[in-house]
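Before we start, here is the structure in question, set down as structure tokens.
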């Protein structure tokens, strides 16, 4: 059994990690930390875990994280950065669900996250944790930067179009995305109150969103060149979970010759968590609710335009499920262990 | 035109006051204060008011409230108390939407609101602002304590049963109520985040809720004796607006002889904002959405049990609409002026 | 592996059965029938099951249900009744999620469900499938009438108070309940459209609801006498899943002496799916979302009044999860097999 | 007072017409028809109208529509077409909220609406009822085809960019839109049940939606040439009301020189129902809830890309409010009469 620690388990990615890991056959959760809630039984904060998770939150000092095989950081940005060196030295594998190890360019990190990056060497070693595009690197990684929720869906949706050179005009991609409110986390804020977010819809982050540079960095990696520019426009859905991405790319003459459906099916054949739907489909966010699955449908609504529809659960494949998928890979477990739960519908 | 000031207009009762007063034919809003947001145009905080409310928030000092005819306090508890004496001395009428002037017993106030009551003399003068039960006193009032949202529906539902002595066992009334989330106000709190309150239902305040003593004080006033005890159990609906009260009272043998439907219709005949529905009805909260109407249906599901169903919009009849109704009465306007807007359905 | 058939799998209890059974370690689903959708792959109707359920709907004739070990009826009322005799004769165990085998009095059945009962002998044999109150009978049953969603929560909430004689006035119980909209099923109806049910709250069935006689029949069985009368008042929550019951019972002098918290804890000690929460708790429906758990809190808000709060997921413990729990018992499997999934929160 | 009739008042556009017209100072509703509900008081179907609308539904025969000044058709497609000739002959003005008089090409109409167009001559006379783009023609019209909900927002968002020739590549416009569920009407359908549409998000109509040809017809009219092609992709928001359109257009070199903010402000200066928001804004659907206002924000997120965000209430400016705005123009009333109600927020 893997010994697993969670740093900062009071947020939504924390409770989702606990939901998944408490049902994982190969894992024992040994510690979950929260400075603020130290001493509180986890199930007192999350009654959904009563009888299933007996741990109490502990201070980081009491947590003996160095004795874990793997530590997840479900913390605000900046926390993993501060503790990574010590844990790595102790032989602990690290998976950071925040952004500390996503952006390779420290200047970009500092610009978007408002803090200096304190361990660029570890950043250099860290692997971007999107298994479908980066599986082998993750297997060998000591530290993984778990992808952002939006970037996961945007990358998986555009990747088949970008991997083959010359199919689309990569300089003008559009990712028109929408997320449930849990993507904003469990912070007390007016903007995500029920009475603000319910029965409402809006774009946000219209002057620039942190996931924009992450998306572009990774799409460039997929395409293998730097002339990729994706406009990312997030919107807020009055729903708890779920991300829906509507992606647009202009097809080149070469791209117009391609069989897009086949391109996508070939790209994801055998992937346990990516479902390429039949031609003409429109995936719903609820079809992946509380699961680690991404569903994708590709369309060609104008002769020279590809449209890709992608859905995922932002807390599962968009965060904690993907983190466990990375853990499975890093630790030599079956990649799907503990992750095959069926979506909850309705 | 009445000159009207609003102290503390950044919350939901504030914006609802603005919605109503900006369409009121006999009113000019001259000031709206917020220490924190002073200088900010109101419409920048509430884009729904763009083009309709041109005011900016001001500090209380700049607001010249003493020149107003009426001042509404849409503030946290305790604010009206601190400013009432000076305004009354200047001849300004006051309507407090918070709880400073609801509970007549200062000890009860201090127990439930955690602060001493600093002007018991003004409290003694203040009139409880529920027009259907207290119209004449409101007409003559200089200062009104506007009722709580739940107490409005509970009082209007029980009043016909309590006004005639001997119909029910008043010592064991049950008010099983449910409110939309806007009743909790526009404060940044985890418990009322969308991701906490959506797709969920729960009781709350089960160890005692502030509206309990208010309900009991007023039901005793209606009944004309002290042997009234109402259990008040609030629940949280995943909806923005709306209160639904399901009220239970055991009927005495005398009560079992009564024609309850007729009792209710007689009680509220001619009331512009109370709709006694036909026998057998089940009112919906949406049937009064964004209106000043209360709908009531009375049932007798067991021979010796009365059940009353009441709906209101917690922000309108349960707060700001009722406050404007009081203003109309206090200032000699038609009671319905500015308040006849039709509910928004769907 | 048990061979399991599902008759009528197109509704919400059907898809919930599929979600549960497709992850159950001891079961193989061999057939799922729908006359209307025969030929359609189940996953085409419910994309959440893509890759997990490969079956297509079949006609009842093709389904070879007689070869199953267990058959679930997730059908409209009346269907199980028509097919039970033949299946029982073939040695198939039956679990009916509709109401055909709940009410023991055929006159009551005919009154509330508008059809004659065609097999009163089988009805006589059928066991009411609430394991916490009826476990041994279920173990030995060939045919189980699976409880209604509301009755499950009301019985589990009142049972500890009724089992010991003389604690409460059983002649005037009140069950003030609320359910998510999925309880109404997947039928095309105006009343349960999103635009009708969202941002709304109402009582319904105020002239009498089918679950009323079921509740009273079973509470009488629990109490062991006929002088039990429970008023049942359902309300509609704008949420997909979840039932919340707020139960009221007047305590006798003897009842006022009892330690209610201990009474409940003793009653449900060791029950894998009933969680008696600490004194003072208010359970939330989301704390059991998509799980087979019931959470209960008992209060005494007035000296002679008990209030019990109960939450369950209407589709899981209130329907399909409970049915699988019964199957486990009937077939000698571990009662919790396939049912230990952790609630989905948020 | 205008005498106004409504044909087919049982749907959402019907009840919204009733909400608006019952508060309109210059109108008397004389008849509202429904074959199916003839005899039923309108307020029995819509309790929100109790005390405000005293009419009962009548059969078309009893309705004496020929005596009206104006008749609104809030009916399924095809009904207005069948009755228009007779009413026009009687001197009645007609506003059709369905699609009978929107598409000028009868072949397109037949393709998308599945029925032949029976009065092409009247279609030729009919005026497209979008006042901001077509005011003078509406003033003189006898019959108006009221725009679709989506097309209203898409046209108002793209118009400033298309009116000046050469600013954008009009051959590849993208309208990524989202609508609340009330846009689907009050029909009993599984797809719009609460349990299907809540906590969910999806694209729909991905193989082509009826509003696509309407959008393209009208954008061509605005641009003054035929080389306009707009891809229209609708999505379903789990909200009752509200449309949000996110529009994309590639800017030509000339367009990149333009001051887009000024372009939009100039275009809509003085319009009572169009609010061009400050640069950098992201309008919310709730900021126009239950009002006749459209809010627009224009952005330039890439040097050669314009993005326009538009919100409207689909039932008000997207249907019934716009219809009343047209009525005001056709009948010589103040264009804003009865339409200045402030949005309901929260």
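For clarity, chains are labelled A, B, C and D in written order, and residue numbers in each chain start from 1.
Heads up, the rule we're going with is that a contact is a pair of C-beta atoms (placed from the backbone, for glycine too) under 8 Å apart; a residue touches a chain by one contact, two chains touch by 3 or more.
Model, not experiment: these values are computed from the prediction.
Student: Going by the average position of its CA atoms, which chain sits the greatest distance from chain D?
Tutor: Most remote chain from chain D, centroid-wise, comes out as C.
Student: Identify the chain pair with more contacting C-beta pairs: A-C or B-C.
Tutor: Of A-C and B-C, it is B-C that has more C-beta pairs in contact.
Student: With chain centres taken as the means of their Cα atoms, state the distance from chain A to chain B in Å.
Tutor: Each chain's C-alpha centroid was found; their separation is 45 Å.
Student: Can you compute the centre-to-centre distance for chain A and chain C, using the mean CA position of each chain? Integer Å is fine.
Tutor: 37
Student: Once you find the CA centre of chain B and the CA centre of chain C, what distance in Å lies between them?
Tutor: Their C-alpha centroids are separated by 39 Å.
Student: Pull out every residue in chain C that's touching 2 or more other chains.
Tutor: In chain C, residues 12, 180, 182, 186, 195-196, 198-199, 238-241, 283-284, 286, 289, 346 touch at least two other chains, as defined above.
Student: So what shape is it, when you link every pair of chains that touch: line, ring, star, complete or other?
Tutor: complete
Student: Please give the residue numbers of chain B that touch chain C in the complex, ascending.
Tutor: 172, 174, 176, 178, 180, 195-196, 198-204, 206-207, 229, 231, 233, 235, 237-242, 244, 246, 248, 250, 280-286, 289, 297, 299, 301-302, 305, 307, 309, 311, 346
Student: Quick one: which bits of chain A touch chain B in the complex? Just the residue numbers, please.
Tutor: Residues of chain A touching chain B: 12, 180-182, 184, 186-190, 192-199, 238-240.
Student: Within the complex, which stretch of chain D touches chain B?
Tutor: The contact residues of chain D facing chain B are 12, 15, 19, 22-23, 46-52, 182, 186, 198-199, 240-241, 275, 277, 283-284, 286-291, 293, 295, 315, 340-346.
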